[in-house]
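In the two assemblies presented below, chain A is common to both, partnered first by chain B and then by chain C.
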Partner chain A sequence: MGLLQEIIFGLVTGSYIAIAAIGFTLIYGIVNMINFAYGEYISIGAFIGFLAANTLPGPLPVAVVVAMIGGGIVSIILARGFFTPINHTGPVPMLLTSIGLGIVLRNGLRLVGGRSARYFETETSTFQFDAIPDLPVGPVDLLGDFFVTSEQLVVVGSAVAVFASIHLLLTRTDVGIAMRAMGDDESLARVRGIDTQLIRDSVWVLAGVLAGLAGVLMAVQTNVSADTGFSHILQILSAAILGGAGSPYGAILGAYVIGLVLAVSTAFLPSSMTGLSSAVAFVILIAVLLVKPSGIAGTEVREA
Partner chain B sequence: MPSDITERVDRRAFLTLAGSGGIAGLSGCIGFGGDEESGDGGDGSGSDGSDSDGGDSGDDAPDTIVFGQPGALSGSFDFLQPGVSQAADAAVRHINEAGGPLGAELELVRRDTAVDPQEARTVATQLVENDNAAAIVGLFSSEINPLWDYLQDLRTPIVTPWPGSTFLDTRGGDKGTPSDVSDDEWVWRTVVGDTVHTGGSAVYALEEGFETLGIINGNTEGERSYVDGFLSVYEQNGGTVAERVEVELGSSSYQSALSRLFDADFDAFLVSMPQESAITALSDWSDGGYGRQPILSDTLAQQAVIDQVGSDLHGAWVASPGRSGPSYDTFEDIYNEEGDAEINGWTPPSWDSVQVTALAIERAGSTNPEAIQKNLGPVSRGEGTTVSTFAEGKEALANGEEITYRGAATPTDFTEHGNVFGSVTISTAESGGFVETTEVAAEDVREYVAEGEY
Partner chain C sequence: MSVLDRLPSGRGDRALIAGLVCLLLGALFAVTPLRAQLPSALYVFVEVGILFVIYGILVLGLDLQYGHTGLVNFGHVVFFAVGAYATAMLTAQDTFAGIGLGYPWPLGLAVGVIAAAILGAAVSLTSIRLRGDFLAIVTLATAEIFHSIFVNFENIFGGNVGILGVPRPIASLVSDSDTRLVATLLVLGGVTLVTLAVVTRLTDAPYGRVLRAIRADELVTRSVGKSTITYKTQAFVYGAALAGLAGGLFALYNGAVAPGFFTIQVTVTVWIGMLLGGAANHRAVLAGLSIIMGLRLISRFALNVTPVSGDVFASIRLIVVGLILVAVIRYRPAGIWGDPQELGVDQ
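Now for the complex of A and B:
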């Protein structure tokens, strides 16, 4: 298969990561903490979605909405219970708290959810596009036959919808503008009359909603288990750093860079090295940070 | 809550914290670490240090003897643990009903390793140092191989039902000299190694006319070992590999790897991955319409795999350790009284590991680890009275007879490297589940394994 097919695979992988990375980076940018428990938020969203899909009437989108709402509620409850009381202690205690909370949540999910993975019952359609010219350049075919599945289209479509919604939120609503103001200078935002605690709460809810959506999408593709989110947390973290921590637009860009590198490196690395595709993604991350420590889009977004 | 005293983190601090947090977070993913069942600590080890390998009745026998069982209570292979746990529990109950080894109460302490080598090291130490385990009846390939030197230093017999790794083909056992422990290695396995059942799978593949193969496998020791075992027989007998792709486990998609694999021309493809990752990969394979004949590794003979992948998988086959041991029926009766966990390929070996270790203690007349090590060979090979359970063995030993344990999974006739031979069962995926379609006899597989190399 050609490069086009690999790019499609990369875009799908990037879309999973991007949705979650936006939530992760919003927390960093506005609440000013690195939330290592975010993988577990994704897992909780997957469990809520699975529960909804098996108990509520209606199609899967109903379960997705329930997972997003549930994710938002769980996120604000956890924030109020564990993070808001220690806001004043600074980022390090909050980081350590998030690590501990993540371990507790993960093992709690194992205890409550059981040891077996669960699966969404979905039907997938495949759309084949044949007789596409290969357009070879050296040993690589740029085009060639390819396929997309309905599941992949849903993932990419969901990601695009999230990007548009986040953009509108941050640029067209008072809450979004207040979020950006807090991200730049929290003290100044407070002086200008912004209710910073309300904005923090809004960010927690928004991050939980995105975690719920990412959780269901990941679970549909893989499974529902205590590790559904945790197994992707390094990719999410990397996307946030690569794009420019705190910047949702940068996180999107970083996610797609990682997704594409994963896909293309698997396709073109020597046979003995195909298991190292993640390592290649991290090499790219290191290289970018060496050249531009603020990440790909860090500065630009702060100025937007 | 005042928030203006919260200082912003600069980028360097963020990266530092992210790195340190990542390490801490990863180290925290290990699982519970606690024991599922806990003995009272017992006093079962090191009672007399006797090296006797005769039928000593054990005058200073302890009240309690502890076996430690590292287990996959969580992690990628936790779906196999219920059957293994139930078999071990059934064996312990049976042994205690028969009077226990040396008249003592046998207890099993089970701790979770999540199939993580570092956690396994901690658990093995806890079992020996804190729980006073006389022997260990668990540990996976992925744990044993990196911890090999440490486990030798532990000098406690490890009789495990789990590992298939080819790494153990020439490591472990008493080297055919039971009374001399100087050349011993302290690992024995009661399950047939990958060399045996992958050999059976390879033989079957060639018989079915699949002469060119594609391979997709996980990047862990267990998955690599399975493939290496398969290939050693497959290529030796004329088969060729067109493409091999190694993948990371737990990915959300394997489409890129499959795309690369199926660009090659081959008759069938071998999948060696843990269940959850394999379901994702095989679902991607089904969605992509790649076709061709799937051959699955032994851990994938699960109904969940068929249910999730769907009808495209019908016709896929799995070669797994057979259930051909002479005392399988005896095991099955006692096992079913213990609970309703599904029997898998590692369930009968779990029964065998507890039985043969208890018999070694009974013959040694001691719970000293060295004495147990010396007696594992003598109770499992040779011309003694054939016994199928601890109860029969205890009685025969009391009568001054030598014994030969014949197990449930295999005859449990330990080779010099502490390995066992057994038949290989070929099961084929159908809508109702995996159906056993044929069996490759142990003798047929044995001819592909060189003498002294297993």
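Now for the complex of A and C:
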């Protein structure tokens, strides 16, 4: 396979990671916690979407909407039950709580859904592009034949739609502007009359909605299981930190960097070591934290 | 005046004496013809007990890092794994896959501890300045990187099979399995107790007071002239070296290492044990760990009398473990035996 094909895979991976990373980074910026259970929110979204696709008569977009609504409801319920009561304790206890909650949800899903992976049945058309000249550099072919499936186009298209809506939400609506104000300085935001708890709740709902969408897209590309989201959480986290924790625009950029690095390193690594590509993403993450801990566009995370 | 008289605290003394007695008894079983007989119902207790004392060294190291110094190390398993792999690769003979050099085991154990300490130094030199939750992410990512390196470099680390043929010093001395288990538990338990004595000695000293001051308020500690970065690095390296010791002992007890033994589950188990018992209190973290590992025993017995499958039961046990973690942080942030005032979590 040529590099061009890997880049397409990278853009698709980057797209669903970007949607999830926006949700993750919004929670980080406004609730001030690293939510390690976010992977499970995505898995729950995937399960809701799968159930809806199999029980409701409508087409896949209906299932996607159901998954988004379901994700938002689950997210606010979990936040009210687990995170809001300990909001004052600081980042580390909240991170630990989210790790515990993640274990509970993941195994709960395993209990309900079993261990086997399920697959969305979608009708896919494949667009093949042949007769593209090879451009070999060493063992790697820089161009080569490639294909794009309609599924992949849907994933990238949804991501672009999400980016546009998030941008409009954050710049044109009162809630979005209040979110950005709270991300900058919570005390100042409260002084200006912003209901901080209400904004926090809306961030939880928004993050849950994004997790529901990301879950269905991930599940269409891979499968539905208790590990659907968990297997991506470190990539989401890397994307969010790479872009600068708390910044949605940075998260989008970070997600595509992670997606492309994963795909391109798959192309360049020997075939027996393709499993290392995930390690490459974490090496980037650590490198970013060392060189420019604030990420591409973000705040300082060092104390001393 | 003997050395023991000059120890500042009785607790450390008792642990040291108990540890030495355990080591002596274990050696007695190992080298003399003395034989132990275990009722078969006790087998499972002894097996979980051996794992508990190995994890006990892990939790003592983690407590030094988090409980005393406030360093959020969420990749503790990586130091355990590096110690185990270094020991295994240096000592293994005729391993199926990967490298086995066949050196004597004391050398392997020493290199295991040193390798883990070096990795700890590398992580802390680069990342110790990061804020708590980001240090957690870096350590977690480090653990994931090493996990995939162990799996993917089959020629060196043996892939998913791991390193086989690691010498088992106690098993080679004792042929009958009952005595072997008892001797292993006594020797490893003795090592854990001696470790407890050493870390108690360390944290009761003025050195430990500086560590706790850093956890309470780093800025104030720096302002009284303590180089907090140096102290934090040292605490991190000590914890990593202890984890390497635990890993080396695990390899020499188990006779094999594989990536499956070193998953994030190990990190989660020791973290929950530490938080449940009460961070910054050495005996409390060991007690907390024993509660969490006791759950494994309960689930093994309950599995026989309930009609559900092993998979379902494993899920239920993990749900309980997760809920314990959430509940401890929310309702008893200092743990069962911890001091809320000292940990700064009283509200």
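Observations on the model:
Going forward, the second predicted complex is superposed on the first by the 278 of 304 C-alpha atoms of A that agree within 3 Å, B and C clash if a C-alpha of one lies under 4 Å from a C-alpha of the other, contacts with A are read in each partner's own complex, and residues count from 1 in each chain.
In this text, contacts are C-beta pairs under 8 Å (C-beta built on N, C-alpha and C of every residue); 3 or more make two chains touch, one makes a residue touch a chain.
Note that this is a predicted model, so its numbers are computed, not measured.
Partners chain B and chain C, once the complexes are superposed on chain A, run into each other and clash.
Looking at the shared chain after the overlay, A:9 reaches chain B, while chain C stays out of its contact range.
By the touch criterion defined above, A:115 reaches both chain B and chain C. In the superposition on chain A, contact is made by A:102 with both chain B and chain C. When the shared chain is aligned, chain C comes close enough to touch A:286, but chain B does not.
Applying the stated contact rule after C-alpha superposition, one finds that A:64 touches neither chain B nor chain C.
More residues of chain A are touched by B (comparison of chain B with chain C). When the two structures are aligned on the shared chain, A:234 is found in touch with chain B and with chain C.
Once the two complexes are overlaid on the shared chain, A:93 sits against chain C while remaining clear of chain B.
Of the two partner chains placed around the shared chain by superposition, neither chain B nor chain C is touched by A:162. Once the two complexes are overlaid on the shared chain, A:78 sits clear of chain B and of chain C alike. The superposed model built on chain A shows that, among 7-15, 25-33, 43-51 or 61-69, the segment of chain C colliding with chain B is 43-51.
Residue overlap on chain A between the chain B contacts of one complex and the chain C contacts of the other covers 34, 85, 91-92, 95-96, 99, 102-103, 106-107, 110, 115, 234, 237, 241, 272, 275, 278, 289, 293. The residues of chain A lying in touch with chain B in their complex are 1, 5-6, 9-10, 12-13, 16, 28, 32, 34, 36, 84-85, 87-88, 90-92, 95-96, 98-99, 102-103, 106-107, 110, 115-117, 119, 124, 126, 128, 147, 149, 151, 186-187, 190, 196-197, 200, 218, 221-223, 225, 227, 230-234, 237, 241, 245, 262-264, 266-267, 271-272, 274-275, 277-278, 289, 293-294, 298.
Note for the complex: chain A touches chain C at residues 33-34, 82, 85-86, 89, 91-93, 95-97, 99-104, 106-108, 110-111, 115, 234, 237-238, 241, 272-273, 275-276, 278-279, 282-283, 285-286, 289-290, 293, 301-304. By the touch criterion stated above, chain B contacts chain A in their complex at residues 1-9, 11-15, 17-18, 21-22, 24-25, 28-29, 31-32, 73-74, 78-79, 81, 219, 243-248, 250, 252-253, 255-257, 259-260, 263, 275-276, 279-280, 283, 287-289, 304, 307-308.
Contact residues of chain C toward chain A in the complex are 72, 74, 126-127, 129-134, 136-138, 140-142, 144-145, 148-149, 151-154, 218, 222, 228-229, 268, 271-272, 275, 311-312, 314-316, 318-319, 321-326, 329-330, 333, 345.
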